[in-house]
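Next come two complexes, and both contain subunit A; in the first it sits with subunit B, in the second with subunit C.
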Partner chain A sequence: MSQEKKSVGLYGFTGCNGDQLVIIHSEDQLLPFFDSANIKSFSLAKSDNDNSELDLAFVEGSISSQEQAEHVKAIRERTRYLVAIGNCACYGGIQAMELGAKGWDQRFRKVYGDGFFINRTPIESKPIDVFVNVDFYLPGCPIDARQFFYCFAHFLQDDEPVFPDYPVCAECRWRENDCLLLKGELCLGPLTAAGCGARCPSHNLTCLGCWGPMKEANIGAEFNLLKEKDYSLEEIKRRFRMHTGSGMMKPLKKLLGAL
Partner chain B sequence: MAERYFIGKVQWSTLLGGWMEKYQILAPQKHEGGLFLEPVSMENLSTIVYDAARAVQPLKAFLFPALEEVTGEKAEPEKPWLFLGIKACGLSALPILDQAYGGEFADPHYQKRRQESLIVSSDCSQPWETCFCTLIGGKPYPSEGFDLNLSKVWDGFIVEAGSARGKALLEGHDEVLKEVVKEEAEALDKMRKETVSKIEKQNKEYRLPADLQKLMAGSWESDVWKVHSETCVECGACNHACPTCHCYFLDDVTRKEFVKLRGWDACQYSGYAVTAGGGTPRPHLYERFRNRYFCKIKYLFENYNRLGCTGCGRCIEGCQGRIDMRAALNDLTK
Partner chain C sequence: MREIVVEPLSRVEGEGGITVQLDGKRIKDVRFDILEGTRLIETLVVGKTPQEDVSIACRICAICTLSHRYAALRGLEKALGIEIPPKAHHMRSLMHLGECLESNSLHVFVLALPDFLGYPSAIAMAEKYGNEVTQALALKKFANHIMEVTSGRMIHGENPTIGGFGRYPDREVLLNIKKQARDFLEFAVYGTNLVAGLDIPSFFEKETVFMCCEPGNEFGLMGDSIRISTGEVVDCNDYKKLTNEKFCPHSAAKHCLYKGKPFTVGALARVNNLGERLKGQAGKLFKKHWNDRWLKNPIYNNHAQAVEIVWALEQIPGVVDDILKIKEDPALVKPARTEGEGVGAVEAPRGTLYHHYQIKDGLIADANFIIPTGQNLEDIEKYMRLAVQGMIDQGADDDAIRLQLEIICRAYDPCISCSTHMVRIERV
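Up next, the complex of A and B:
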């Protein structure tokens, strides 16, 4: 193609780098991936990263320090599109599950004591979109390689990728699994966005909600359903907040306030 | 009266054994959670449950599978299917699928499977709690749509041929096909009447008008949709379990070559019917919920001249939120 290649950057903030690892692990896609764009920055894969102008930035991880917040703002300023990849970037992830009701200051002190941080001012961990505008969300813990390359290919063509708002239940039925919720287990399938291919339920494990909340999910109905099945409020809340942090907790708080 | 004979159970099993060579026989077997259509071999021939009630899987699970590749060359199944023990509620779903996947834009995959397979239905005698065929104008025994129908009577079956292919199946087996005697015919009528009254009895709290179209016509603005959809978790089980639901979703997969997958869709999902640009005709849950009822009772009836509900009760059985189609329709009459 005569068209100029697009400039792409991949960045990681607070998280396990699992999403970048998924990309690196897609060996059969790596050559076309590096060939189809100018990969200006890929912190997990290469060392000669620069801060040049970008067409497309993929950002993984949540923001948990003042410095990271400034960095992500700087990335936003020099990129045309910004895509949040992985649950930490999209919803805050496990580090944003707000466990323990005593507030962030006390939780932080409990873990880190009164130590000081060099070149870093810690703040409460938040998803990317608290600080910058996000053009597209690609959830998952970690992301699915197929979804990533689909998304990547679409952005290279200046096209917005489309992932329909389906719950995990859709993919679960495509695999013809038995319904775990019907068996009385604490499965978050109906509340969770599809994309994983119903990996866990296909191995008879309940859905943990690692793809984040499905748009328009009826969280209240599932919450009441699980309570009827004799799960305690604590258990349900723990499962709800585990992977999606604020993503699921916000609507749940609204609901509990109303109950 | 159509062509019908009495056949002993042992003789019937022998016939089945003979058909195994030519057909992949699928028949209901009892497991935890209900009856499941499973491949029949010499080992499980004796445990086939003929009468009882409908299986967990609807026929569409075979004719229009949950997920399949629709591009490229397809691996051919070794033998055509012979479905055994399909109930009337399963048969009455087929005209809808036939019309949806037939006609001007016929689906070759569905058509091939449908035309090659044979259906040996049977009378229902032990309906599940969720069964309500009589409430919606059906009967627990088939009158059309089968190749052969079996009615369990005493120590054998009354077998009725419903098609030329069904007749052909019985050809050359005159020695085991006996004339139906009066007592057997009476026993059959009694059994059928008993099953009908069983289903009527378990649904006696629900009363639906004969003209369901009129009922639906005045119900668009009803509160029923909001009230009954309150406990819906939008898992789509009602759609997927339904023998007449046939909406599908196409997905592209890049493998060595381009592949298109077709999977079951569900109108209860917020992503259903979303257009380019993100618009949706049914943004609220109650609207999607209402759509299912209107589709089953009104739209399918108008387009295919058939109710989309056969009263099989699978949507009730599979629902997390304990939403009951009977109760919702019944509340519309109030």
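Up next, the complex of A and C:
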């Protein structure tokens, strides 16, 4: 029986481990989760981990050293599917805020001085698809447990999960919140992929974009609206790149280039 | 030369490893390697608004997300001249208790207990200790629920914000939390006795210094000064004197020393320094189980965490009442100024956490974070060294040494994501 179970590995690179913790925090699903597959590696949760062939690998965190880059490539080689979980893996996360190419060297020196590491060659944080092919992206900071288990169940059946392509705005309306953007606040709800259930707006707080951009986001419309509300380009850019680094900045740069 | 390596260290948060180098019977080196990648978060928050900082800084660590948020809020609100209303204060106490409960129960029952009972994971433990595992997971779930209710999400909730909370939870939800806290008490007491009954090896014992926030007259998780086991009390603004840092090439986290000596922070430090103040069941358990080995052996951190679980459960009903007594939900308090400086200190589950900010023109001009695990690194290495020496003298094999070191390291409940961010070079 156990032969038929799929082999699954969970890996964490640079980040806060929040996405793996979301899984550990799902107490009710945890025992069935360990039962429904051969969990070969999940070092946050257990100690008997190995490097065997996998059907499915979940990777959390961004890549911030050459060693990590090698490691993620090795995981890619021995897995059939590779799913990026969380913003750090999908977009590089807060640590890949795109503060400019030279900036990283300077910031690194500010923190670590001229110190060197005997066990690491640090590089600026990057999303994992810079190094390997990613089969599926599960964004969020952190991911949502229901979305994870839905995704997990689909891959166990060799099936690709389908997520709705609408913005946080839609979820916000279902919850009958007052629109914060109309009140003049810098809310990223219209651009951000749904999945969180509009958590922040439901607490009277603006959406920070922590699910990354939805596919068809109308960056231009939001940009113009914010300009009308007197937000400076600096402020808008700062907010756009805060949670998903290149995720929202790429389309914005394109737009600014076109303007 | 012989080298014993444990990498990656499992069941700790973040990526770390242990390296021991032996030359015959002589120890050449014992290192706790921090392999986690660098994120440079202190530099990322520069140029951001205080509001944005709170959202970035909490993402340093998923387990201590609310402690980071709390320390950031305290530092920033001091800098901005904000006094939060009492209801917001009680809510922050509740969220902080929730996190302490969550983190401690995760560590004691899910991460550490399997070691002592000889299992690779809590899941593997479930067959023989089904009831314990189920109850422990239920307790953790309850604690997560408190975090979700107060912060708006289980991890990285944005509800605790500059000047108060975006929204306050409903009365029924809070009353349910109060009830559940009472219901879990019995298991927590049982769990503490279970942990206290474990056989703890003594061959690496040695005195050390303990530090924690001084909460006033009671046991607690927050304060503006720091109590040291030597009897000194130091203002948290002088935190740098307590945490002199040095860079180690094997670690993305800098090590901290106090007067040139290693020290310990965390549950064990709190219980050793403040345990006499515990009341109720927690007080009884403290009196029953505490002895002076707790001052010398880091494994007792597990015991201290268990006692704190009982303490937190006993605190919750009163805090819920405090929140409910105030009917009106206060609006967010606006900053009184756009420039200033502030140090926020709180007890994260793993120990004292400092966030230090300078604000200019409404934006962060400089930030410094000192993280608990960074403060513990020197002591972790010290105890590992003692253990290795002891075990070589006993003629232990590599596997036994490896397991013992993992147990010591894990007892500190090291949070490696956190510790990579406390690093900073101060040039004089």
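Operating definition for what follows: the second predicted complex is superposed on the first by the 252 of 259 C-alpha atoms of A that agree within 3 Å, B and C clash if a C-alpha of one lies under 4 Å from a C-alpha of the other, contacts with A are read in each partner's own complex, and residues count from 1 in each chain.
Following the convention adopted for this analysis, a contact is a pair of C-beta atoms (placed from the backbone, for glycine too) under 8 Å apart; a residue touches a chain by one contact, two chains touch by 3 or more.
What you see is a predicted model, and the numbers here were worked out from it, not measured in a lab.
Under the clash rule set out above, the superposition-derived model of subunit A with subunit B and subunit C shows the two partners fitting side by side. In the superposition on chain A, A:Leu181 makes contact with subunit B only, not with subunit C. Angle at subunit A (Cα centre) between the Cα centres of subunit B and subunit C in the superposed arrangement: 110°, in steps of 10.
Touched residues of subunit A were counted for both subunit B and subunit C, and C has more of them.
Once the two complexes are laid over each other on the shared chain, residue contacts for A:Ile94 go to subunit C alone; subunit B is not touched.
Looking at the shared chain after the overlay, A:Ser36 reaches neither subunit B nor subunit C. When the shared chain is aligned, subunit C comes close enough to touch A:Ser62, but subunit B does not. Of the two partner chains, subunit B is the only one that A:Glu216 touches; subunit C does not reach it. By the touch criterion stated above, A:Asp165 is placed in contact with subunit B alone, subunit C being left untouched. Contacts of A:Arg173 after superposition on the shared chain: subunit B is touched, whereas subunit C is not. Shortest separation of subunit B and subunit C in the overlay equals 16 Å (C-alpha atoms, whole Å). When the two complexes are superposed on chain A, none of the residues of subunit A touches both subunit B and subunit C. Taken in their complex, subunit C has these residues touching subunit A: 8, 10-15, 33, 35-44, 47-48, 52, 55-56, 59-63, 65, 106, 110, 114, 120-124, 126, 137-138, 140-141, 144, 152-159, 161, 165-167, 247, 249-250, 252, 406, 417, 423-425, 427. Across the interface of their complex, subunit C is touched by residues 12-18, 21-22, 24-25, 27-28, 30-31, 34, 43-49, 61-65, 67-68, 93-95, 97, 99, 104, 107-108, 110-113, 115-120, 122, 125, 141-142, 196, 199-200, 202-205, 208, 210, 238-239, 242 of subunit A. The part of subunit A that touches subunit B in the complex is made up of residues 146, 149, 164-167, 169-170, 173-176, 178-179, 181-182, 189-191, 214-218, 221-222, 224-225. Across the interface of their complex, subunit A is touched by residues 33, 61, 66-67, 230-237, 240, 249, 253-254, 263-266, 269-272, 274, 283, 285, 318, 320-321 of subunit B.
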